[in-house]
Amino acid sequence: MVGGGTDAFIGAVHRLAAFMDNQIELVCGCFSINPEVSKSSGKLYFLPEERIYTTYQEMFEKESKLPEGERMDFVTIVTPNFVHFDPAVMALDHGFHVVLDKPMTFTLEEAYKLKEKLDETGLTFALTHTYSGYPAVKHARKMIADGQLGKIRKIFVEYPQGWLSSKLEDTGNAQASWRTDPKRSGKAGCMGDIGTHVHHLAEYMTGLKVTELCAELNVFVPNRLLDDDGAAFLRFDNGAKGVLMATQIAAGEENAIRIRVYGDKGGIDWEQMEPNTLRVKWLGQPMQVLRVGTSLDSAVAAHNTRVPGGHPEGYLEAFANIYRNFALTVRARANGEEPTPEMLDFPGVDDGIRGMQFIETVVSAGYNDEVKWVKFGETI
Amino acid sequence: MVGGGTDAFIGAVHRLAAFMDNQIELVCGCFSINPEVSKSSGKLYFLPEERIYTTYQEMFEKESKLPEGERMDFVTIVTPNFVHFDPAVMALDHGFHVVLDKPMTFTLEEAYKLKEKLDETGLTFALTHTYSGYPAVKHARKMIADGQLGKIRKIFVEYPQGWLSSKLEDTGNAQASWRTDPKRSGKAGCMGDIGTHVHHLAEYMTGLKVTELCAELNVFVPNRLLDDDGAAFLRFDNGAKGVLMATQIAAGEENAIRIRVYGDKGGIDWEQMEPNTLRVKWLGQPMQVLRVGTSLDSAVAAHNTRVPGGHPEGYLEAFANIYRNFALTVRARANGEEPTPEMLDFPGVDDGIRGMQFIETVVSAGYNDEVKWVKFGETI
Amino acid sequence: MVGGGTDAFIGAVHRLAAFMDNQIELVCGCFSINPEVSKSSGKLYFLPEERIYTTYQEMFEKESKLPEGERMDFVTIVTPNFVHFDPAVMALDHGFHVVLDKPMTFTLEEAYKLKEKLDETGLTFALTHTYSGYPAVKHARKMIADGQLGKIRKIFVEYPQGWLSSKLEDTGNAQASWRTDPKRSGKAGCMGDIGTHVHHLAEYMTGLKVTELCAELNVFVPNRLLDDDGAAFLRFDNGAKGVLMATQIAAGEENAIRIRVYGDKGGIDWEQMEPNTLRVKWLGQPMQVLRVGTSLDSAVAAHNTRVPGGHPEGYLEAFANIYRNFALTVRARANGEEPTPEMLDFPGVDDGIRGMQFIETVVSAGYNDEVKWVKFGETI
Amino acid sequence: MVGGGTDAFIGAVHRLAAFMDNQIELVCGCFSINPEVSKSSGKLYFLPEERIYTTYQEMFEKESKLPEGERMDFVTIVTPNFVHFDPAVMALDHGFHVVLDKPMTFTLEEAYKLKEKLDETGLTFALTHTYSGYPAVKHARKMIADGQLGKIRKIFVEYPQGWLSSKLEDTGNAQASWRTDPKRSGKAGCMGDIGTHVHHLAEYMTGLKVTELCAELNVFVPNRLLDDDGAAFLRFDNGAKGVLMATQIAAGEENAIRIRVYGDKGGIDWEQMEPNTLRVKWLGQPMQVLRVGTSLDSAVAAHNTRVPGGHPEGYLEAFANIYRNFALTVRARANGEEPTPEMLDFPGVDDGIRGMQFIETVVSAGYNDEVKWVKFGETI
């Protein structure tokens, strides 16, 4: 693991998600740029001292020299956005598979280069777009792919948060601090941090691709350096239209992700804060409430569900689904087996590129005085 | 009453709303352009034959000649949009107060002329933007006016319906037929029919005005003549931003109006389909659930509530609030009294003009190939 | 109308419900034992002075001497329980149909006598068990009668309120005062006031009858004279079992009536505070959400629904369904026609007797130190 | 681990819960009475062959001879009820701490003996009453202990399931088979399996103890050998009253645990299927919605929460809270430290005895023809 010391946030989540299924063990790490923090963190994580490193460079070099079976199999990188690309490339160069937090890189160029590196090395790569890990999301994806909703016409996807309603970055809050800093976060604030999540969710669930968008990004908190709010009209490759909303100044909101997809036969409605329920609305038929563990009865939902219906699974289980599928894929490949489609069902480098394209496009469209349609992946 | 025969839809709703509070009695009407339907309808409504008219012209003339106390006090006009202006003006010319269904007129020009006529006659006028009749909406308006949410930053307002997901207008459905016909409905379909409702709701609840918007209107059902879906970015006069969504092709949806308003201190969330609940989210404080009849304890909410908390009031009561406040105003003025602010709390001609401006603006912005910001009330 | 002055509560509700559908007009009344209140109330209700009476005896006598077509057709009695029987009998003796608030009488004996009087006079009688007026309840009743849930096994029915959590009767609250007074309310407090409602709801929805029950009644507020809380195990005539809960000391609750009925094929779940939704759960099939105005598509639901789906109807509309069906029945019989089953679908004297039997039984079972099964209608 | 082979159910849940927090490692096990299943399961769990045992006796003997630091620290027993006592006692005799699934033992006598053994050995013991592991439950417990709701008056607690609506035990379903078999499950079916959960939840959340109860247990599915449904009136040691419902024939229900507790100042309402929300209702104040990770801001809630508000935690995290607190306690004691109250917050042997007493009492009260109040822990 690179990053994820005791003073960090998302690293702890990665560990919880990775350990749950007993497929993955933490064997080494460089948990902070502060060597003291790295040491003390590694100790708390029950690591032997010699495998707690002070730089990721050191870690990759030393680990790659350990005998197979003893050295780490893959690395998880959970640092701020501007420290994604370098350690990822170095890990790949040393033969390690990679799990990376989103957005994938700092710039779109890095994203393309990372893909080249992956093509070159043939190693396995996962990007933790957590929300696509929920079984109800996967079931909805299958329903849509099977044509149950008919031709998809309209998609509403939204991610309201409220935690950046005030200037938290001035109060010493580390999370707020790097996320609102263009030098560490990248071109976009809110849109990079959470807009990418719902963009990915919309494309993952529908199987469609955004082809162009029109956006307005806003900075509501005075003197903030990046967008803390925005909305976009989306056009999809099958002619469907969408509205994407992401905001971090919706005071009082937690992580109220919601996606609604309407076809000409019916629609689905899913909310992350009650993730075990998938409401399906039909034209001229009663609404159905599908539930994880019971009526969400597709094979893909079952594969990504751990406990029986009525015992809620949550965010950590969705996150763990990415790790488990990634681990199953790595293991299968290590054993010379072909991973099944269900094993391969985790976000990868192409999703990461889409995400970086989304950031480029939405910033290009949304920061202008004039509002414009911008083709996906283009800038104006 | 003009319109509202037994073969119509909204007329019945007007009657239910008008009668409930025992403030209003139906004394005469011209219920259909088909004289047979008008006659048979009037009979069913327990009217004496001589006060069931076959044209509204006849009605206004004859009624105006009846002695005071016997003749009707006001007229309700519930015809399709293209038959709003003429009967309204004629009613005013004959000295009758007017209740009119929305959108107010067929064109913006008519809207301005109607206002002139009202100024000239000094009569009382109500426009039935029903959703502003709900007590929870009125309470939210007061909370916002009192600054409880702080400075308003963001407004999401939406109206998803699904009933026009297929080409219902080809099946003999009268409601679908005139609403999708530009000759009877006007320049806009979905945006005129339901977009105006949520535009009004947003302005009413926040006390803000939209100053410009950028929109995309869509026609999803092949060969439909007017928009059946659309979205708009809104800019408000205090700097707040908004997203408005209205669609009639969200298959499986009923009338899922929802409005969320966020200030820098907190936000409110209201849904028409569960109208007795107002969720209030606070920055750093627990969310509160305010309920009609108990914790929605403002004077304005109390004035517009009939039964104690926990006994749900609904759409008809919201509608009746418009009628009751209108009737109280008419009666007060008839008695030479000044109506109280609570009596005067019903939509009027200025709201109607805003609605017609909204239609003009959103059509102007949303039907173009190029997306543009359009100033409210302007066309491009 | 007997009772229902401006200082009363439920009378206003009766009027709202009665007027809504334009089937019923208020023509006279005796609105209070206080003649001044009766006069001033009648005036506010737009009645001519000569038809505002000071005693109900006077009203029945004078009205019965008015010519047919002019005199009132029926009377609504909305006084406290101990003033139900006498005016009801007197009304019947003078040839007037009767609408009565529940519980029907002060004692079970009066209930039997009232039935005799009705049999003797052949007049029409309605008891306002409001909750059976909701279209979703009626639809559920039909689903169960049609066997859609299979054999009914278990019924949970509950009515939590919180308004009597403190000794409100000592604060001058008129509602609390008579409801907790055995001389005006009868043998039971909570169980008479709201327990009877859910007992009726359970029997109405399932079509089953309680045959015996075991109960515990409690008085939580010190020095209160009647039960303010209680629960009962129910046994039904088909072998089903039930649990009934009614409480007025559930601090913070409004009128959270809920009924759940489970058969061997599925179950239904309905909550009064969101009455337009009927959740249907199936063994091995996805849960369905039936909605008033759309998927609640039975004839009986349609007959009792006024506006399209998604525009919520509420308590007043449920109440109005009783009045409208009663009025349609009275009118049909006046015209020498046989009322349809849908017209006749309102609670009557037999429901009133069941309610009084419930009070007798639950008090008999629940006030003893020893807990016992008591046969319905018996006392121990 | 004893039990929990790949053919079992709850063992997998225990492993997920135990691993998540990286505090616990699986080092050995006897996963089935079938040696083949034990072997193959252990292999899948990545255990070395020599630590996969075929009997628990063998495991305790061999493990106890391994050097400290290498041998297991504690054992988890996840077998059917009739194989709880013997392995637990043997584990304690060999010096291993114990985690046991509920109900604790097969008989009440065994429960008392297990407590003696624990007192004798001084080892640490946890019982997996999962539902008390939820942070919202712990927060509610604290609110009640702090007197925020005032004096507690009324408790409604319920656990409706539907999975035993048909005779599943005849279809080869292993779960249904042992749970409905008195030889493996004990005196009670539904009440032992799920009634004990809600009994524990009620006592845990309120800090009160049931002193007597009156019950009716039912067998709805023909020829089933144990109760599949039941209800009880509860009396608590502070004078509060309660109603407990547990059923496994509520067709279509999953695990709809709900608890409502009302004091004289307010009430709380919690549902397991949406566990991150705690509704708090106040007498005369707006209802509040407390949320895990944000407004559920007690230290105890924070200690038992892993991710920020709005990212739902679920059943596995609640389960993991028991394991984590148990592990922290074991580790503290191993280090000669006093565990903090927060570490010690997991169900133990006294909860297990209460559970067995509940089974004895509810069976004694509920299987009789005559209904009776039975003192807790007594039989009649």
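The letters A, B, C and D name the chains in turn, as written, and every chain counts its residues from 1.
One rule holds for everything that comes next: a contact is a pair of C-beta atoms (placed from the backbone, for glycine too) under 8 Å apart; a residue touches a chain by one contact, two chains touch by 3 or more.
Per UniProt, the chains are A, B, C, D = Gfo/Idh/MocA family oxidoreductase.
Remember, predicted model here, so these are calculated numbers, not experimental data.
Taking the mean Cα position of each chain as its centre, A sits at the greatest distance from chain C. Interface comparison, A-C versus A-B: the higher count of C-beta contacts falls to A-B.
Chain centres here are Cα means. That of chain B falls 35 Å from that of chain C. The distance from the centre of chain A to the centre of chain B, each centre being the mean of the chain's C-alpha atoms, comes to 43 Å. Chain A and chain C have Cα centroids separated by 55 Å.
Within chain D, residues 253, 280, 287, 291 each touch two or more of the remaining chains.
By the touch criterion given at the top, residues 279-280, 285-291, 295 of chain B touch chain D in their complex. Note for the complex: chain A touches chain D at residues 9, 12-13, 15-16, 19-22, 26, 45-46, 161, 253-256, 272-276, 291, 293-294, 306-317.
Across the complex, chain B is touched by residues 149-150, 153-154, 156, 158, 160, 162, 165-166, 214, 216, 218, 220, 229, 231, 233, 241, 243, 245, 247, 249-253, 260, 262-267, 280-283, 287, 370-373 of chain A.
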